[in-house]
């Protein structure tokens, strides 16, 4: 058999490029709402289960599942943002513990609805590339959709419609004094970011087992990305996510799938120990 | 003598002025009544199942109170408090079953190990602020959990694979402990542990830790070495968590990966939020009430975690500062 | 001349902005010194470096003959350098008495150990409560001692800052705008407190303010800071 390395790299590239969508959502929440959303992984899982449910009804393509997952994710995200995150966002205890509670709530609900066992979403026949390289159909679709969506996000953020977001990220008081509804923009951004995570989950659902806790690893990956790459550059988030996707895939391939999760956890610990200030925007905040 | 400064306050005024808004031991009467009821409960010859539920509840209550030493009194929001609990549970199991240590020695070593683990967590998280403590402790706890789930430590006598999902049994010197003695032992342990933690929270160290939680910069400007006191909080809280973990493993008879799970850490935070962070007794009471309620209804585990999460979300939404303030 | 604290060549930049360039100053034991400068002259940065909240890019700070440039805030407090904050950050849940006790714990511990060594049945009430009550009385907070810090007025918060700073019986007090924006009564009390500490306990202080009359009435020597340099030194 040929060296597995090209295959690992390619699959990691596809997965990482899609994780970037989720990480960009995390960065958006951090920049605009200025909170760490520990329930972000649950929205990823939600997207994957939406894709699974659709596939069970004969709609196999992630291209159909992703928009539906995004709409559902947006609805839940707006609800969560408006009725929980906004009211408690200045309380240092309520936020991390509360968003974690949301994540666990969803994990348990998913387990009650779909059971704890891994489910799989049919991926469609892959193409065979040169040298026996398997080019997975879902991978191409996920990577291209994610790249297109991120390009769109970059454009929106740099143009007129993105101005309120940039302004709130920069200085909420000025944004408020200009007559912007800061609260509404916050929960809409929260919803939008959750939609991005759900879409990523739907796009990546064929890549592996769909389980209630599948969102934990992408959550940590997103955290690593925003700690290292910050919230300013979409391109940096994209590239770093690809790097981490490949790293995680390599860990999963050469060690065991479980080790890629442990490696991500260890990376979070190392990063926090090496950069105690954490994410500068949050550390510099006075409340 | 500078202490005898000329403008010393007149001693009479000690009895004047505004009295303290809340006595530190307020509610002691209710507490005594509650303990009395719990002491009487087994005499009503209840079902062994309920005795077992209460016993577990007492151990969880001690665990919740130990969370409160770190997360409530000292304001270091830890989401990895299952780590010292599980570390003590595992070392108890390993030391008795594998190394053949006598039980008391193994328990002492387990509590010590939990304290050391806590000191390590404290050292890592001391430079961090706010949500990053939560993030780091969550990651540390999850690493330990993954290792415990995935690692089959070695084969024990009789060819059983130990570790992994099945966990590791404890070699207990007794066979089939009576539910009554377990109940009373756990209750006594809970009372002693809670009293110890209350003493710590009311000591000068506890006062400094409450100051660190309230305003680290002012505490530092008052000469408090912040990092050292954060380590102290984690060490003490983890030692008590380890004691609860050792008690738990003695009751259940087996250390499993759920002793290290995120769900367990999360439960402790839930009990603390519902019972009132920083009060030590509140989280313990909340743990007993919620555990007995949810477990007594014989709900499946996932429904229980779901209810815990809902309870917590509602509490946080309507009392974001905590129910005690 | 005998010096208590001295700083040499203190330089600090934030990004491209140079805030302090080559500051040198010294304070003698028991000397009341004023630091005057307009907004943005670098006063607060200098205070933060002298008290250990910030590290300078270059330069050294010495205290009592020891170099303390890299010593953090809490260690300097234990050496006898106490500072106050322009905007107090009170402990919301602690009472005034508890807030003062936090700073007193090392002293109370010493007293308790001494009492235990005397073998007279442990700490007496005098040992336990004396220093706290003394500080509360001196700063005029005795009647508010059970009030949570979160409910204090601005004037009381400043008094509390003073009580906290005086708890270690400092050799040097660094006071950042501690007397600005206060009622006349609060200001008068605190000025008197500062004079008394200087007179009775020989506490030196570095008072930062942009109020020249106040500085002239309290200090013997005034340093004028402008654009990150000490441009004048005036003896009153």
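Every chain is named by a letter (A, B and C) in the order it is written, and numbering of its residues begins at 1.
One rule holds for everything that comes next: contacts are C-beta pairs under 8 Å (C-beta built on N, C-alpha and C of every residue); 3 or more make two chains touch, one makes a residue touch a chain.
Since the structure is predicted, the reported quantities are computational estimates derived from the model, not experimental observations.
*Asks:* Check every other chain and keep only those touching both subunit B and subunit C; list them.
*Replies:* For subunit B paired with subunit C, there are no chains in contact with each.
*Asks:* Of the other chains, whose C-alpha centre is the longest way from the centre of subunit B?
*Replies:* The most distant chain relative to subunit B turns out to be C.
*Asks:* Any idea which chain sits dead centre by C-alpha averages?
*Replies:* When every chain is reduced to its C-alpha mean, the one closest to the whole-protein mean is B.
*Asks:* Report the inter-chain centroid distance for subunit B and subunit C in whole angstrom, where each centroid is the mean of the CA atoms.
*Replies:* Between these chains, centre-to-centre, one finds 39 Å.
*Asks:* Using CA atom averages as chain centres, what separation in Å is found between subunit A and subunit B?
*Replies:* Spacing between the chain centres: roughly 33 Å.
*Asks:* Centroid of subunit A to centroid of subunit C, CA atoms only: how many Å?
*Replies:* A distance of 48 Å separates the two centres.
*Asks:* Help me check something: in the complex, which residues belonging to subunit C touch subunit B?
*Replies:* Interface residues on the subunit C side: 51, 72-75, 77-78, 82-85, 88-95, 98-99, 101-103, 105-106, 108-109, 130-131, 133-134, 136-138, 142-149, 164-165, 167-169, 200-201.
*Asks:* For a test of understanding, state which residues of subunit B touch subunit A in their complex under the given definition.
*Replies:* Residues in contact with subunit A: 71, 75, 77, 79, 124, 127-132, 134-136, 138-140, 142-143, 146-147, 149-150, 262-263, 266, 269-270, 273, 277, 300, 302-303, 305-306, 308-310, 312-313, 316-317, 320-322.
*Asks:* Report the residues of subunit A in contact with subunit B in the complex, numbered from low to high.
*Replies:* Going by the criterion above, the answer is residues 35-36, 38, 83-84, 87-88, 91-98, 100-102, 104-105, 107-109, 111-112, 116, 216, 220, 223, 256, 258, 261-262, 265-266, 268-269, 272-273, 276, 278, 282-283.
*Asks:* For subunit B, which residues count as touching subunit C in their complex?
*Replies:* Spelled out, the residues of subunit B in touch with subunit C are 2-3, 5, 7-9, 13-14, 17-21, 204, 207-208, 210-211, 213-215, 217-226, 278, 325.
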